[in-house]
Amino acid sequence: MLDVIQSMLVVALPAATPLIFGGLSGLFSERSGVVNIAIEGMMLAAAFFGFIVGVRTGNLGLALGGAVVTGMVMASLHAVLSIAFRVDQIISGTVINVLAIGLTGYLDRKLYPSGAPAGQRTLPEIEIPLLSDIPFFGEILFRHGVIVYAAFVAVVVAAVVLYRTRWGLRVRAVGEHPLAAETAGISVYAVRYASVIAGGALAGLGGAYFTLQSIPQFQPLMTNGRGFIALAALIFGKWTPFGVLGAALFFAIAETIPSTLQIQGVHSIALEVAGTTLFDVAIPYQVFGLLPYVLTILVLAGAVGRAVPPAAVGQPYTRKA
Amino acid sequence: MICTAPAQYDGRNTLPDAGAHERSEPMTAPTLELRGITKRFPGVVANDAIDLRVEPGQVHALLGENGAGKSTLMNILYGLYQPDDGQILLDGEPVRFSGPREAIARRIGMVHQHFMLVPPLTVAENVMLGHEQRRGPLLDRERAEAEVRRLSEQYGLDVDPTAHVRDLSVGMQQRVEIIKALYRGADLLILDEPTAVLTPQEADELLAIMRGLAAQGKAIIFITHKLREVLAVADHITVLRGGRVAGTADPKTATQASLAALMVGRPVLLHVEKGPGHPGEPVLEVYDLAVLGDRRQRAVDGVTLAIHAGEILGLAGVEGNGQNELVEALTGLRHAERGQIMVGGHDLTNAAPRRFVERGVAHIPADRHKYGLVLEQSIADNFVLSTYYQPPFARGLRRVFSAVWDNAVRLVQAFDVRTPSPALPAGALSGGNQQKAVVAREMNRPAGLLIAAQPTRGLDIGSIEFIHKQLIAARDQGMAVLLVSAELDEILSLSDRIAVIFKGRIAAVVDGPTATATELGVLMAGATPEKAAG
Amino acid sequence: MPAPPPLPPARRHALIDRMRRVRLPGLGQSILVPLLAVITALLVGAVIILVSGGNPVRAYEGLYEGSIGCPGALSGDAGIQVTRLVCASSVTDTLITATPFVIAGLAVAFAFKGGLFNIGVEGQLLAGSLATVLVGYKLDGLPAALHITLALAAGIAAGAVYGAIPGLLKAYTGAHEVIVTIMLNYVAGTMTSYLLSGVMKDPRSGAVARTPYIDTAARLPDVWPGPEMLHLGAVFAVLTAIGLWWVLQRTTIGYEVRTVGANPHAARYAGMSVARTVALTMAVAGGLAGMAGAIEVTGVNYYHTPGFSVGYGFDSIAIALLGRAHPVGVIPAALLFGALRGGSSRMQFLTQIPVDIIQVIQALVLLFVAAPAIVRWLYRVRQRPHTVIEERPEPAASV
């Protein structure tokens, strides 16, 4: 039983990585007052272009940079649409998502009609000396790819930035009461642009996880809703960095349950009492795959009302006169 | 460089002059002079060649009605608007502010009527926002907090820098706003309608703070429409009307009546004409009603009252003492935790809003943009907002547009709603006409109880008079009227009886015609009726 | 209340005439801007094709041939027989492809009117088509009229139920419909492949996961016979659009939906049940999406595969926005998207340009329609002032 749990947690941390980055991406955007349902599209585009840069240059560092820049470019589009043109932020996010799906699908098929090139490498896995030898926890916590560690560092950095720096204070003020910030001499537009684009960079790292860390390949639609679940993690985490971390781990564990069971050879749930089998049901793995999605819905239905979003989120700001 | 352009006085006002160019000490306020400031918005001249001069150590009152142009003028001074014409001079030097930051840099500070505070942040965070103290890359909270403490002590403001703004009372929040301005080095403070949201006691404390600031060399522009406060605190008075300077006055010689006449441009009827009421059967009976507010606090806490046909019951109170929650409970919009609501003998406790509509409860909501109107829809549709499904406006599920249209045409005429056509969206109406449209709708359907919440807020005198007449007409037709207003004058001039609400309880019910503002003011601040009488 | 006496009829009519003469925002701009948006999207799409090494002219030629007709048809070359057949069927292809687009677009447009963003068309459509297929192949021996009606009704009902879930969650818990509908799309997709490879799998389909064919009695008849089969669903789509417009504009229910959409606070104040209206709006929207799926099953596919509905969700949003959320405006928007989709496979066949470019173009259409300011700026279209509404910055909140 313990090793089942261990093997589940070992995969949970990597699985949480895109959710953490996605959630933090949404965090900066939404704390500044811009709704971001485009995390999915940003991650997908970043996964693709990061991969392309890797293929073309053979340099994983550049590939990572490519992913981050892609996230920022997509986020800039979202920022321009929703801040400058005051497009409904959900529609703007939808545009980004559709564009990312179309563009990556088109280019993928156009560039690699016969499938992705092989021979790619992924970012290194690092075993932290000594710590990785700790029984049980060592393998769970200290034998991962660099992007996985980066996600946890990012949570801490995000918390410090948001609560301890000037920029973080301004982001929080702009997202709650933009007019108050403006009258204090802060440019609401500048803060929002910066926040959304910084969020794009984080989504870019989340996207990089898919093609530069998890597997050395791009597949159309490979983000498979992680961006939306990340958004749910943001809400569940009450728009705070550590809340995002907790919620992301929660969803990641849910996500890894079916594959873990399968790998562990658990194929059916049975109840035996005194030698008599009361029931013995085969586990429909596909149905278990729904767990993160269903949990997301349940969390939203239960958490909203308790969780208070930034007051000005979703409202375009118009500067006076 | 010192500009010496001759002042363009046109004789309407009597500004003092001399010594315009003397340099003041660094720590005292600059001398401010506005010359011929003009600002036009599409269809309206908000400021028309306004001159104004403010000296250090003085409280200069800017008096005027809603729409007189006071806030526009101050927004120009604070850099939020650019003037179309005219000059701003500080110590004789012409300046242009393209944004608040520049105004702040020239030591001008503004306390907005609607506080510019971020509720989830602490006092210190709010104060330093935009002018943050830093230690390395991080915020230096300790220093900001120390500075807030120092200012708080120096000017007797008594503010805790670590408190979260959302937990502070309105009066405290206002002091945070003042500290915010002082922290930015403001020597010239603009206070925009600062007493509108305060109890009379809090207002008096604020006036004392203003005097203290002036005594320490600050200059203060005090924007208000409250005559009593002007006379109590100001050194100079400038009255605006219709975007122009209507005149200036010396508080030593001016009276409330003379200021009111300057403000309105004609002698003001301080009392609305109305005959004695003829109260009949009770229409609304409320027993021991308790209602929770948005933050789960007990906003209404055991209210019992009755309103009779043919009477206006005024509900007086400082805003935020449970009036909104009470009105929402009485119209089905908010859940009653306990107690009973009877309308015309029917128990409507926690009934759906539609039951209230159908039992004849008309409601002029305090927030007409949020509740009263659907701005995107036509005026005609808005006139049937709550009766759209009833004959003659609908036959079964089908709407009958001819009836909707006829109704609209009739109401637009009868209530003098100024619009080219009722087919236009309600958002195209001016504020006064929007309110008239709401009043028209609510008074045009069969109802025995009219709940009017802040019915004249933000309106011009003409619309206010019209709506007051309609309320009295409704009473004389035998309706029971609950009038909720933050304007004590309105309550006093319209009500047959006055209930005072304090912290969700009815502190007292007094007779309307004999009540006085002082008596109500004391009750609104939470004194017991015995004390108020004594 | 002082109800003023009714005006004498003559005077009343004069007044009404005067008041009706006020101009409301014209139709011209509401067509011009979307049109320019589409043109711009095609131009940007051409640039993308060019940059990625394709020939945009050939690509759009293929798109045109595949969707409307073929330039070569009149030249009398050797392939004329083939070409003519291709051309004839390409228009019907467009119409057939546009049919579910109309109804799915309505599912989004109707929700928009109620202030809701229905990203859940994909899932609702799957729920509807699965139910229709089930009724279609499980029952037999029924008269055609009855079987078709039952099959369609099952699809509409299943879609409505699936749409009502986010509606009810929104109404009673405040869960945002956008994320809930997206999650439900994944749930529907996963459930579909689970069912199609399991209990609903046609035992004769071998390795392919698909359902059995529906009974012939459950298939929609063609509107006109011959090779260019256009099924009855197209007629349903147009009637549905008009019917929905009528409901929204002429009935009390439509008024409630629009009022809740425009200002839920005012709607509640006026005695409308906002929660019920929200739930109803989403149920109707889901029902429409279900109907789109049902018509696709009974009119075109006759069975169900896992890849059945990929893309409908986002297409329908773009269609609804392009049609300005107007039920009738959705029809031309759907025809455009039908042409893009219908023509795309021929484009790919002729030019080896992947069909995915269509999705890029659609995203660009969506972008330019959603941000009309960009289009106006690009083409220097002046915005007609919205009647007499002056965007007057309230001369300060409290002056």
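Order as written gives the chain letters A, B and C; numbering starts at 1 within each chain.
Here is the rule we go by: a residue touches a chain if its C-beta (ideal position, glycine included) is under 8 Å from a C-beta of that chain, and two chains touch if they have at least 3 such contacts.
The shown structure was predicted, so the numbers you read here are calculated from the model rather than taken from an experiment.
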{"item": "Topology of the chain contact graph, where touching chains are joined (line, ring, star, complete, other)", "value": "complete"}
{"item": "Centroid-based (C-alpha) most distant chain relative to chain A", "value": "B"}
{"item": "For chain A paired with chain B, centre-to-centre distance based on mean C-alpha positions, whole Å", "value": "46"}
{"item": "Whole-Å separation of chain centres (CA-atom averages), chain B against chain C", "value": "47"}
{"item": "Length of the line joining the C-alpha centres of chain A and chain C, rounded to whole Å", "value": "30"}
{"item": "Numbers and ranges of chain B residues touching at least 2 other chains", "value": "75"}
{"item": "Two or more partner chains touched - positions in chain C", "value": "393"}
{"item": "For chain A, residues that touch 2 or more chains besides their own", "value": "320-321"}
{"item": "Residues of chain A defined as touching chain C within the complex", "value": "37, 81, 85-88, 90-92, 94-95, 97-99, 101-103, 105-111, 113, 220, 224-225, 228-229, 231-232, 235, 284, 286-287, 289-290, 293-294, 296-297, 300-302, 304-305, 320-321"}
{"item": "Partner chain B, residues of chain C touching it in the complex", "value": "1-4, 6-7, 12, 15-16, 18-22, 24, 250-253, 255, 258-259, 262-263, 265-273, 387-399"}
{"item": "Partner chain C, residues of chain B touching it in the complex", "value": "41-44, 46, 64, 66-72, 74-75, 113-114, 192-193, 331-333, 352-358, 363, 365, 370-377, 381, 385-386, 388-389, 394, 397-399, 405-406, 409-410, 413-414, 420-425, 427-428, 431, 443-445, 447, 458, 473-474, 477"}
{"item": "Contact footprint of chain A on chain C as seen in their complex", "value": "48, 52-54, 117, 119, 169, 173-176, 178-180, 182-184, 186-187, 190-191, 193-194, 314, 317-318, 321, 352-354, 356-364, 366-367, 370-371, 373-374, 393"}
{"item": "Contacting residues of chain B [partner chain A, same complex]", "value": "75, 78, 80-82, 99-101, 104, 110, 112, 115-121, 125-126, 128-132, 134, 137-139, 180"}
